[in-house]
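Consider the two complexes below, in which chain A is the common component and chain B and chain C are the respective partners.
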Partner chain A sequence: MSNEIRMRDLVWQSTIRLLFSFRGLLALLFSIFMLVMVAYIYDKLPPAFFELITIFTSDPSLQFQWLFFDNFMSKLITLFVAPMLIFDAISGDRASERFGIMLARPITRTQYLLMKLFSASLVFGIVFLPIVALGYPVFMSIVHTLTLEGYFGTAVLVYLLAFFTMSVGILVSTLTKKAVVSFIAMFGVMAVFMMPNATKYTSDALNSLSMATPHYYATYFSSHAFDAATFAVYAVVVVLFSIPFIVATIWRFGKEDL
Partner chain B sequence: MNGTLWVDDIKSLLVSRRTAYSIAIMAVLATIVAVVVAFSPEGLKEALRAAAPASSGVFEYLWIEDVLDKLLIITFVSFGAFAICDLEDDRMMELVVSRPHSRFEFISRRVIASMTVLIIVFVGGSAIVSVIGSAIVGGMDAGLFLLHQILVLPMCLFVFSLTLFLSVPLRTTAPTVVTSFAIALALSFAYSLLIMTGDPTPSPLNPLALGYRILLDLPIDAATSIALAFSGIFLIAGAVWFTRRDL
Partner chain C sequence: MSAIDIKGLAKQYKDVQALRGLDLKVETGQVYGFCGPNGAGKTTTLKILVGLVYPTGGSARILGRDVIEEGVEVRKHVGYLPESYGLPRSDTPRRFLHYMGVLSGMPKEGIWRTIEAVARELDLTQNLDRKIGALSKGNKQKVGIAQAMIHGPEILLLDEPTTGLDPIGRNEVLTLMKSLSKKGKTVLFSTHILSDVEKTCDNVGIIHNGSLILEGEPTSLKSKYGTKDLDELFLKVAGHEQ
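What follows is the complex of A and B.
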């Protein structure tokens, strides 16, 4: 059996294990919770609220996109759902002394890291994307201005944002020894990444600063009309943000003395 | 209760990375929020001031509504995980409870130690936050800000107690932290979403809305009592469950 097939099998096994774990269930419940809450309140929002959110998105047809993806989903995913799936990927194995057993398998350390990263991002995709897809007909009945490409384009970019979060998370997990420290440290790092985008509406300076974070590109279509070329470019940009963290993780983990 | 062990627990927790990270996160987030307020246009500041008439200013509004209720709950969760999860993770629990003291005495000591450090870190961190806020934003009533932070303490204790309670069945850090954080975050988002619908009064039954009630100058007696009652129930139930569970 070639190494490549073994790697694929390992990713799949790890994905299934995580998907049917307590965390997989929690990620699913949280995605459903946000969907139901937003669907429940959207009809009840007073006109004054829509006047207020013109600060964030001047196009009325994009107000739902802003509320759902920018104001709630991107924050929730960055701060909780994605970190939850990855924070103890390395530090947990290290603490439970499974490290040696895992690395005794015929896989390289890089493959081990990538297995952890890809299985966590696969689990997130399996949980998040179908829930968001199920939400589309529900939201369409409430928000008539919602467009298919804008909704799913933003959903894909938010998925890539989760991948970025996990890239940061695996580096943090490699650098820390305790799971709780990994979670706090990752949370702090992601809060710093998230803040400029969350506050970009308050000034031009913060808007410029937010462009240095992937959150800006991932939530771009919650305040701008969708276009395919920009979507493709921004999808690549969000993935590119992940690369330095993945490279740093591989470099750091390769030097680790077991 | 053995006072030396209690002091040792406090010392080890005070000099831990958990404490350092918690204070560092508070300081970094305070700096970011202060910069945001400093750069915000006057119109937005006036709207936020009007939305939170009892606050010490826009900085406090953003701090409580966006940072404390959503982001800083992770620090309360991490302190709640200290009593049981740390020992379970290190596989030291059996060894520790085999010492010549009752399990109730042991859990009481760990809970009091971690609660003491949580209060020290939260109040100390809040003092640092108020200094950062005053220095960058200016014109902020630091005393009022600190008073409000102390009034929010029952909310912190609720999250702490919930985590301790969950750590009895879940045992290790990873499931305990994610479950407790999920529940606290869900409560926080629930009240944030519901107040958007036009009714600005969150339910006093939601302890995560205590800070928001303070900002709006709503009565906090019932909400504080409920948060403290929930905390007491979780602490006692967790301690009793721990003394009876099979290791």
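What follows is the complex of A and C.
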């Protein structure tokens, strides 16, 4: 027996189990719901709605991205979908007394935490990808000026925003064994992070404050023309926002008596 | 080299001193009964051995390796059954054991065969594809023991493995421990049911208030203290300690 633990195997196994769990099913339903809703909304929206968006941007391709990614997807994802996939990753195992079984295996606590984090991120990717991929031709037919790189670049940043949300979520999940508390705490933390970005157009102070949140960078191309260099920098910035939460989780959970 | 070697092990929880300089040795191939009343420190000791709890003093080594410094390497050779644990109710034992096999680093091609072999050994074969939530308590305990055995560890740490089982289930678990010992495995199991110890163990250690107050072969201990069973012996020794 080799007994060599490969992170890839751990993440893959955990991903499959999460995907076929109740939460995985809910995430898949979200994916289907989003596809149906988006197609429906764009088909039915009155022109006045698009005119309203011109307050923020006059570029029709950006109007689309502002509505789809910034105003719709990023909020749903950071407040509901990503938290749903991670909120009881650790608290669930704690409440069901599963640490004794899971952590008595030849894996480190860091591996266990990363397994949970990456598998939730992968499941999110699996449900997010169809929305983005199948959505593109639909939106392209509505907004002819939509650019491929602007659309998928923004999608990648929103994915990284979901990863950030999960990094916060895994830390919150280690602090309690009550799943409900974990979910509400995550909702609260993410709302605090999201608020300055959602209200950034109302004052310069809020606009400055929003720059201290990953949401600003993740949804930047919703109101600015896409360019690859800025995209690369902002992708790194959003990931960097996640790092302190991951480190804090590993530090806190690593020294805890279970 | 002893399979398990504990020296001066101490654990202080906030206001509670759970272990006070515990010394314990378990030789390879032994079935060792770790006895004591509730709150004596049995579970804390086992948790330290698998790295779930950090000691505040002393040391513990398994197969010569420090359980904290070399925890991952140690756990490759150790199977652990916690006192209370949650199994995924909607999962089947086969899928759950496969997951545990992957977490233990077993090679993919061997896992399914090993699951069959372990299930045969525990008489669990016919329940492998039923939902865990639908299994009886005895069969759930067998799934718990199977997850501890799945990666073929040399040492098994079982925390109260017979608690809550009916006499048939208890007997099955005790027989299993004996048969594992015959195959060269070392079994350290905690219990407060001293009759289980008498039936099964090569050696017994009695822990009280966080330290070992008595250790030896069950029969020689009984004759030394002139008692008819271990229950009486325990009451005599523990009463004297208090």
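As a convention for this text, the second predicted complex is superposed on the first by the 250 of 258 C-alpha atoms of A that agree within 3 Å, B and C clash if a C-alpha of one lies under 4 Å from a C-alpha of the other, contacts with A are read in each partner's own complex, and residues count from 1 in each chain.
Here is the rule we go by: contacts are C-beta pairs under 8 Å (C-beta built on N, C-alpha and C of every residue); 3 or more make two chains touch, one makes a residue touch a chain.
The model shown is predicted, which means the values in this text are computed figures rather than measured ones.
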Practice task
Quick one: name whichever of chain B and chain C touches more residues of chain A.
Solution key: B
Exercise for the section: Using the superposition on chain A described above, determine whether A:141 touches chain B (first), chain C (second), both, or neither. Expected result: neither
Exercise for the section: Scan A:79 for contacts with chain B and chain C and give back first, second, both or neither. Expected result: first
Practice task
Look at A:13 in the shared chain and tell me whether it touches chain B only, chain C only, both, or neither; answer first, second, both or neither.
Solution key: second
Practice task
Return first, second, both or neither, reflecting whether A:104 touches chain B, chain C, both chains, or no partner chain.
Solution key: second
Practice task
Report for A:257: first if it touches chain B alone, second if chain C alone, otherwise both or neither.
Solution key: second
Practice task
For A:37, decide between first (touching chain B), second (touching chain C), both and neither.
Solution key: first
Fill in the blank from the handout: Dual-contact residues of chain A, meaning touching chain B and chain C, are 95
Fill in the blank from the handout: In the complex, the residues of chain A that touch chain C are 1-6, 9-10, 13, 17, 95-108, 255, 257-258
Problem - Residue numbers on chain A that touch chain B, as the complex places them - result: 22-23, 26, 29-30, 33-34, 37-38, 41, 44-46, 48-49, 52, 55, 72, 75-76, 79-80, 84, 87-88, 92, 95, 178-181, 183-185, 187-188, 191-192, 195, 198-199, 202-203, 205-206
Problem - Complex contact set, residues of chain B against chain A - result: 17-18, 21-22, 24-25, 28-29, 32-33, 35-36, 39-41, 44, 47, 66, 70-71, 74-75, 78, 81, 85-86, 89, 172-175, 177-179, 181-182, 185-186, 189-190, 193-194, 196-198
Handout entry: Interfacial residue positions of chain C with respect to chain A in the complex
Key = 13, 47, 50-54, 71-73, 75-76, 78-80, 82-87, 99-100, 102-108, 110, 144, 147-148, 151-152
